[in-house]
Amino acid sequence: MISFSAVTKVYPHGIVALRDITVNIEKGEFVFLIGPTGSGKTTFLRLIYREIKPTRGSVYVMGENLAKMKEKEIPYLRRKIGFVFQDFKLLPYKNVYENVAFALEVIGCDPDEKEARVEEVLERVGLSHRKHLLPYQLSGGERQRAAMARALVYDPPILLADEPTGNLDFEAARGIIDLLVEANLRGTTVIVATHNRDIVNSLRKRVIVLRDGALVRDDKEGGYDV
Amino acid sequence: MISFSAVTKVYPHGIVALRDITVNIEKGEFVFLIGPTGSGKTTFLRLIYREIKPTRGSVYVMGENLAKMKEKEIPYLRRKIGFVFQDFKLLPYKNVYENVAFALEVIGCDPDEKEARVEEVLERVGLSHRKHLLPYQLSGGERQRAAMARALVYDPPILLADEPTGNLDFEAARGIIDLLVEANLRGTTVIVATHNRDIVNSLRKRVIVLRDGALVRDDKEGGYDV
Amino acid sequence: MYKLKYFISEALKGLWRHRVMSLLSIITIFLVLFILGVFLMIGANVRFAVESLSESLEIRLVLKGNPTPQDVQRLYNSILSLNGVKEARFISRGEGLRNLAKELGREDLLGLLKTNPLPDVFEIRVKRASDVEAVVRSLKGWSETQEVIYGKEAAQKLLAIQRFLIYGGGILGSILLVSALLVIFNTVRLVVYARREEIEIMKLVGATHWFIRFPFIFEGVILGGVGGVLAFGALILSYGEAVKVLSSQFPFIPVILETAVLYKLCGAVLLLGLLIGFGGGLFAVQRLLGKVAME
Amino acid sequence: MYKLKYFISEALKGLWRHRVMSLLSIITIFLVLFILGVFLMIGANVRFAVESLSESLEIRLVLKGNPTPQDVQRLYNSILSLNGVKEARFISRGEGLRNLAKELGREDLLGLLKTNPLPDVFEIRVKRASDVEAVVRSLKGWSETQEVIYGKEAAQKLLAIQRFLIYGGGILGSILLVSALLVIFNTVRLVVYARREEIEIMKLVGATHWFIRFPFIFEGVILGGVGGVLAFGALILSYGEAVKVLSSQFPFIPVILETAVLYKLCGAVLLLGLLIGFGGGLFAVQRLLGKVAME
């Protein structure tokens, strides 16, 4: 489904965010991506999303080499991937409902179906009572859940979640992770970058650990610490 | 130092974020503000910063009634308070160094002293190696530490930190909390809104718990759960 | 169909969300188009006025000998059939002498003269200054012609002035047009540029370029169109007022009253607004879309 | 001092960061000021040309009886001492008759006449059309005067045209000026508006209004100033070119060559750019600062 072969990413100023990463993630897997701050987790996810290109090496998603992908095909790649961004990236002038609906409008969804699906997903993340608020009017946790709803709404085959529980208390975080697990059970490939030790430890899924951009551990049923 | 008397905050759309809060925080205290997402923690802090006004009741900071404060005096109030915003609020076109320096430029600090202080605080939060990056080039955790550095740099008598560890791994979070404790030992009044159960439990400081905008618990040496 | 509705509603929402900015740019577009329109109208009227001036150019055809009334009638018809001739008037030698006496202020001139020294003359007026030379050439070829007297210099000056107005006006008009285009274009681009963050996010969510572009194009068209309509209205109204004032205060200054011409001019201005709005919206987003995501 | 340096460096950084936007607005400001300048220059030249036309107005003073050369000299001096008179020329009755004969094409006219029926005449030219009436009134009061002949209608028309140009040009100029002000103002405001987020954050960090405002004001001044300087240069250059073309192609069209006037005009345009940039920067931030923080 997703595979990195000898991927290195060097940002401007010579910052090496990823070093020679080779890893393979199969369809239907659930992967935790952990590591200290600045270790390259977000960079890892952005490569899959073709937001950035690797400096060396190649990234394959659903059989396609992203480096060879044409500019015009990128939107179609992205529609197969749900992304919960670490900084949410909600459209500032659309309210919660519209932000979530936008993801469906982009793929040309029928208006009636759109409404039903948006309402349903907002219910699932627990934001129905805030659907008319604009992002700046939301609390940190609510923003995070709105971003989550947008990623879930079109039921993509791949879900990338970057620190989806950083602004949530334990219970709310559990709720969000449950949604990801549920999607995973329906066959979605899920990758979650997180610092949340409790959740990683309690789920016992595959754990990939980055440190200074290098892959230092890849356990089938791992925990947060060795 | 800071006191709320019967404070209620109602946002547009009739959303009640705080209900009849009366609480008193003395000079030199260290307070954890906890509660589920959307319970009003950020609202509580914004009231102290005079970013918003209470709908009913009054807020006093260093003896002044904020409701009666003139528009022109607000900047001077804010210079006495360091704020680590939940969404960082870094100036997008200034790099880390400039963002932190800006807080000193605002108070008219001497250029040489400015440089020394900025360098020192960046060292303390562990961002010296990233000082020339712009906010969008930082990882989530680095952004959080930049926001922290800006709040610490002018050594304000009051420090408000809104979820200052949401994007950090346990060790980095510990480091940030240590900085807050250190400031507190030098006499700074500190209020930290957080979901980080481990840190709250390990420090055993005063804990104020909000739920649906109401103050439900206020323990002298409390923990995250009852 | 559903999509079109969606794009238009997005465009309207966008304009409303940034209403301060929308208003500022509509005002700018309106002003620029209005000035362009005022210039076009002044230009049209100046040309019209200069053409009217041509009518004051006079050609005097001096006749040989003593033509009979039949000769005069025949000549009169021939003159009128020449290309560019507007009108002709016959002045007999007797009438000419009476006029001269009056001009000199000596009614006794006729008594002082033994015989009338003056010839018979046709006074001819042309439609345009550029016709003078051709008419004179024809007249000179006739056997009845003794001499053709005309303001050669005046005709040439008038022609030169016309040429000057056409070229000068053309250059000035082009500068103004290009400026108007650029200013409106820049305004629409500024509006779009201020929303680069939104565009960035849309791209991230998987929107195609066209999906992002369309609402912006509609916004551009609406901005340009509203500015254009306002300019159209303001031009029509203020031209009416100006004509009213002119014709009461300066009745001798010739102005265009034909409304068809005016509506054509103003319509062009409106169309321009729409087109540049469209172009501005299209290219402004283009530039932002072209950029690779920030790394 | 340190602060001033800080503000200016912030302003320059701001302009550089948003260089696309800065460039767009400088172009806009430049174009608007350039057009305003072109208009001012055309206006000045048209007035100049119409005043030159006044010189072609002629007053004929017809004298009584047979004045002696002494009389003629005395009269000549009196005429020149009248307010507004530019030049005068004496035409004796003999010279008048020779001219008339030549005009009629009958050199034998002198032989046909028993006596010379013509009077002695002064041909007088004035400086401005508005002087005609006063000069004529003075001449009529003199005992030597038999009659004063002048183009009453032409003088009045010329006066009316001058008045028309002054009013019309004034109105047009005002519209253009106000438009230029608004367009530049709006442009600076758009630039500032696009940065509302930055301003919001600065406020949150405890910056006073003046601290936020100053860099923006400097930015406005720099935008307006650069636009103004470009307009200044372009105006001077293109005026030079235009004059060169005009004087070779249309030598009879009078143009202003005095550079002092031109530099004054262009300087005004430059100053305008600076002032509006300042105002735009000041008021644009004002509006954003005035807003209560988003709740």
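Labels A, B, C and D are assigned to the chains in the order they are written; within every chain, residues are numbered from 1.
Here is the rule we use: a residue touches a chain if its C-beta (ideal position, glycine included) is under 8 Å from a C-beta of that chain, and two chains touch if they have at least 3 such contacts.
Note that the coordinates shown come from a computational prediction; the quantities given were computed from them, not determined experimentally.
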item: Shared chain contacts [chain B and chain C, defined touch]; value: A, D
item: Number of hops, chain A to chain C, where each hop joins two touching chains; value: 1
item: Chain of greatest Cα-centre distance to chain C; value: B
item: Distance from chain D to chain B - Cα centre to Cα centre, in angstrom; value: 63
item: Computed distance of Cα centres, chain D from chain A, in Å; value: 67
item: Distance from the mean Cα position of chain B to that of chain A, given in whole angstrom; value: 29
item: Chain C-chain D separation of Cα centroids, rounded to whole Å; value: 22
item: Contacts with 2+ other chains: residues of chain A; value: 11-12
item: Shared-contact residues (touching 2 or more other chains) in chain D; value: none
item: Partner chain B, residues of chain D touching it in the complex; value: 2-3, 6, 13-14, 17, 197-198, 201-209, 211, 293, 295
item: Touching residues (chain side chain B, partner chain D) in the complex; value: 11-12, 49, 51-52, 72, 75-79, 83, 85, 89-93, 102-103, 105-108, 111, 150
item: Sites on chain D touched by chain C in the complex; value: 20-21, 24-25, 27-28, 31-32, 34-35, 38, 42, 62, 104-106, 108-109, 112-115, 117-119, 147, 157, 160-161, 164, 172, 175-176, 179, 182-183, 186-187, 189-191, 193-194, 246, 249-250, 252-253, 287
item: Interface residues, chain A side, partner chain B - complex; value: 11-13, 15, 34-38, 41-42, 86-87, 132-133, 137, 139-142, 144-145, 162-163, 166-173, 195, 197
